[in-house]
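Quick heads-up: structures coming right below.
Here chain A shows up in two complexes: once beside chain B, once beside chain C.
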Partner chain A sequence: MDTTVSDTKSSIDRRALAAVFVRLGAFAALGIILLYFAIYARGFTSSFNLQNVVEQSVILTILAYGMTVVFIGTGTDVQKGGIDLAVAANAGLSGAVFVTLLNLGWPEPLAVLAAIFTGMAMGFLNGLAVVVFRMIPLLATLAVMNIASGLELTITENNVIGVSSEFLSTLQFGRFLGISALAWVLIVFTIFVAFLMHYSPFGVRLYAVGGFPEAARAAGLNVGRNIYFSYIFSGFCAGFTSILIVSRLSASTLGTGLLLLPVLAAALLGTVFSRRFVPTIGGTLIASLFVGFLANGFQLLGVSSYWVSGVQGALILLVVALTSFAKKSEGA
Partner chain B sequence: MRFKFLKGLLAASAIAAITATASFAEELSLKGKTIGVTVVGTSHHWDLQAYKGQIDELKKMGAEVIALDAGRNDQTQVNQIQTLIAQKPDAIIQQLGNIKVLDPWLKKIRDADIPLFTVDTITPHSVNNTTSNNYGIGSDLALRIAEDMGGKGKVLVFNGFYSVPVCKIRYDQLKYVMGNFSGIEMIEPELKDVAPNTVQQAFADVTDMLTKFDKDSGLKAVWSCWDRPSVGATQAIEKAGRNEVKVYGIDGSPDFVEMITNPNSPAMAVAAQQPYEIGKNAAINVAKYLNGQPIAPITFVSSVMITKDNAAELAKDFLPKK
Partner chain C sequence: MMEDVRHSIFSLDALSNYIVLFAFAAVMIIFSVTTANFLSLENIYNVIANKVVLLAIVSLGMTIVIAAGGIDLSVGVSVDMSALVFFSLLAAGFSAPLGVFAGLFAAFTVGAFNAFLINKLRIDAFLATLGVLFIGSSVQRLATNGGTPITLTTQEYAPVFQVISDSQLLGLPTPVWILALCSIAVFLLLHKMVFGRYVAALGAKPGVALYSGVRVPRELSKVFIYCAVLCGIAGILLSSQVKSYIPLSGDAFLLDAIGATFIGTAMTSDRRPTVVGTLMGVCLLAFMRNGLLLVGWNFFWQQVGIGVLIFVVLAFSFGLRKREE
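== the complex of A and B ==
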């Protein structure tokens, strides 16, 4: 009897140790890669380059926040819970709406609101499919992704639609206190989402619903409403990001949907940087910047750009494998 | 007699000029120079050949090349250009792409005092643009179509890439020429070619249009500003048994040229460009510039009109390598 107890205890210890090892390993790997770039990639650590990477990661990061909130509210177990495969295509559609309305002569604030509303409407559609029609999130959001990209094609007729305005060029190249406008957007948005998710009662409820839906329901929380919120918030992120994309590209172009892979990679990788392998805003921020640093470091080192998306795919595989392994360890 | 002499003299000096250019090119060196090459994608024959032409020639002249392929993603290309500017290369060559997206970033390159060279892109920010004579290509092909149509009938056009400068030129030339033939009508709305999946989409679109415009409709030609949609269009027409509708394109990709050599195919003509030569010339221009030699703002590389009639003679260099 005694031996069994101590056996179980030691195996729990070992598993907990393994989980710690995975987490520390992730930070160590991140550190080593950054250090490698700092030593061998010419110009990597220059403040100009570091700002570039932040700017290049803003769009990815905010979309990944959307995905993260979906992870938080619909199941912190990223493999069995919810997912928003439509988030990138949704940003493409919102951008097309934004540019088209601007070219029709709408005032900028109204066009911005319309773009964000479009994103949220597609998010609502996701919620509807998951909550009311009880579809598997993977399939539901895949379908909505197709609707979004189809609508984008219909609106733009597959054309690159250019647009220019003072507001957009300020977003594109403007600076304030030595920091670029895009970086400011990231800072403010990150504080807002981090507060909402980690320091407000609302965030606590969302984690509760996502983590233990049955317990949350028993405690009187409206699970469905929180799932709706997650998807609509993700849609909000998509709509918001579309303004940044249009400013960066001076146009609405097809191909925003291609961001899905890096967004997924960042949101999943983010879970490794949190204490209990749950999605967090801080984790996602670190992971998105890491994805950005990877592309930047590769270019500075002269490694072919063809490797980047392959590495992103490999990261997704690695992270999902590691977290499911580590989760089992913690759950035991 | 005198005229003949003059002609001979001109020919001799032209040859001398060419040889001089060639020997200059041999002496040009880019040792110790770093040159950035940015391209939106290389998924098509033309793009890849032009890209390779630049890289091969730059390396041959001793340059260190930072070659960046954005995989058809505008955001990736913008990110790559932003990082490239921070790398401060001695020159940057930019190939093709959406000018609306790229122009503010090309201006950034100039603002950073990095000489910019373009391939198939017209922008005030570049020192030189190396390209085919797209004005000539556009009007020659348009006249050829008008001739084949006997001056009357309907033309189906793909116009999905009007924001790509070379496509704009070719399309504008087509419209200008066709405007002179009152019997010719360009079907509206135009079809939109897509990338990727260009061939499949063109196949589906043309199949639908053949249903809409039957044999008596007067539909006689399909035009596109490159030749990926032309491949899909040719296949659709063959499948529908509607060979009275002829297909035209620009670029000279091996598969479309092969269709033209087939006497039973509705593929009629292609303005075949020399993308590898275009890329190579862009690289030589960079070397000339960095070695202090004068260069013109535009370098035209010749193209060949391959038609059903002359294919036996002209197509062989453009056919798939076996």
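== the complex of A and C ==
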């Protein structure tokens, strides 16, 4: 709803200035919250705790990357734009496949590939629905979400299935240069996705397709193929995450699908931490770490867990409201 | 969109509008052949009274919001808050009418808060209602000491719940009448009144709506408040039905309501949400689920079945549609 019409140049300047100020405001709010925790929450800044938060955030972050790539490739319009409601349920299904195959005696690399392939196949189904059948993404991915979580329940028969292997315990307990394996996974994955989205021609094309599909089509880009890619990539993130989930819990557990809302929150909040309020990998990383630090900080402060989701919700709204004024004043 | 007003009913494009109806007919026929009880009056009565009514009322609210181009992820919060306030007041000894009124007012507050976030703080409907969803779940945990249900099974309260959910009027259960009233009200609002035109304009092009003199914030507030109050009605019915308020139970409606509304959009040629379409979507989901249950599929496969059904129906419906440009 772009309502402001800029009249004069000076008002534009003032607005631009305000925008800069408010954008810094989002980061300032983040900084103040972290500072508060650092001062008042005992042990918040200990390296053990920081690493713990990062490890806890890995799963959320990588799923949120999947959602972010879908946002980049298909836009963030509430109804018509792209969204992947299936990403969390996908991770659940991939995890179930992974654990079941391991227990059947499949070698680890094959099982890992199969899990990732499962995620990508469900992503392909999303892409098929959106590109070929031209279904609304919200609905298409909702249907796929039902299919994925139904299949997960069918495979696991609603049980927690335990599994253990050397590879998984390396992932869980391994360290390298003083940093845990999970943190390394996050670092490497972030660099990989950030490079793909922000420093390769491929990412530029994806932004073009998501930003203005008609223009991208007129410029000769294959819109459908790019949308396909974004959903399949999201499926890849889901499959990849499922292995991390299994390694962290030494089991495939139900309820992975419940991550959907936090993932959505992280990916949407991520747009606030970017220069032009568009989905970016860096923004999503900051947002999901922010969500993780909030939960952790409140835990350390001894705040009742009943409060946590409410305060998270309120703070997210606050940060978004702050920046929505900047967005407005830029006329974006 | 303009030139195909006169197209034949037999064109693929027109056919795509009837896919949902075909699917519904197919579901009814297949299950009435494969199971003995599906088409029995008792079963149909049971599905409508127990499954359709609640989801339909929530979906009607969602229909208004989606028609206006938004989305409401906090429908579950409205459902739960109304049930929570209703039950708290009953337990504290207040009269039932007051409890119902206060419950609906609680839902109204949720809608008004959504409207405040969207209009005044200019937050996207998606994020605003997502935030409210988080806040709502905290409020409920705090109010119920972490999620303990409030159950009122004593004789004292029985007549209240009897009147609300177990009574009959002219041979039909009261909840069905309530659904009928809600449907008519939303139908009039969306399809017969000026408000409906504003909503359609907002849904199509909010910027144009603004410049055409639509008071966007005011209409948006109404949209979210109507939705929340409808959810509040569902909350009171739900809690009366099970004689208890179960924290966070309203969240189960969210995805089904979105699904039903969008399935309904497949029934109009311009793919916009309508009351009839939404009710059709709800019936399709409810009868499909019931049929799979009677056939003997377990819950896990039911979910897969529903997903596949939605996928296939919509793939046909949207896929057959003539490509714009």
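Just so we're on the same page, the second predicted complex is superposed on the first by the 284 of 332 C-alpha atoms of A that agree within 3 Å, B and C clash if a C-alpha of one lies under 4 Å from a C-alpha of the other, contacts with A are read in each partner's own complex, and residues count from 1 in each chain.
Basically, a residue touches a chain if its C-beta (ideal position, glycine included) is under 8 Å from a C-beta of that chain, and two chains touch if they have at least 3 such contacts.
Given the structure is predicted, the values throughout are model-derived calculations rather than measurements.
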Examine A:A287 and indicate which partner it touches, taking first as chain B and second as chain C; both and neither are also allowed. neither
Query: First (chain B), second (chain C), both or neither: which does A:G150 touch?
result: second
Which superposed partner A:R42 touches (first chain B, second chain C, both, neither)
first
Partner touching more residues of chain A, chain B vs chain C, is chain C
| query | Which of the two partners, first being chain B and second being chain C, lies in contact with A:L258: first, second, both, or neither? | reply | first
Task: Answer with first, second, both or neither: which of chain B and chain C does A:V131 touch in the superposed model?
output: neither
Note to self: Under the stated touch criterion, which partner chain does A:L300 make contact with: chain B (first), chain C (second), both, or neither?
What the structure shows: first
**OP:** For A:Q56, select first, second, both or neither according to whether it touches chain B, chain C, the two together, or no partner.
**Re:** first
When the two structures are overlaid on chain A, which partner does A:S309 contact: first (chain B), second (chain C), both, or neither? both
Check your understanding: Touching A:N159 in the superposition: chain B (first), chain C (second), both, neither?
Key -> first
Chain A positions within both the chain B interface and the chain C interface are 157-158, 304, 306, 309
Note: in the complex, chain A contacts chain C through residues 1-3, 78-79, 85, 125, 129, 132-136, 138-140, 142-151, 153-154, 157-158, 261, 264-265, 268-269, 304, 306-314, 316-317, 320-321, 324-325, 327-328
As the complex stands, chain C meets chain A at residues 66, 69-71, 117, 121-128, 130-135, 137-139, 141-142, 146, 206-207, 210, 216, 255, 258-259, 262-263, 265, 299-308, 310-311, 314-316, 318-319, 321, 323
Chain B residues touching chain A in their complex are 66-76, 78-80, 82-84, 86-88, 98, 100-101, 103-104, 108, 160, 162-163, 192-194
Chain A contacts chain B in the complex at 42-43, 46, 48-49, 52, 55-56, 59, 157-160, 162, 169, 172-173, 245, 248-251, 253, 255-256, 258-259, 295-296, 299-300, 302, 304-306, 309
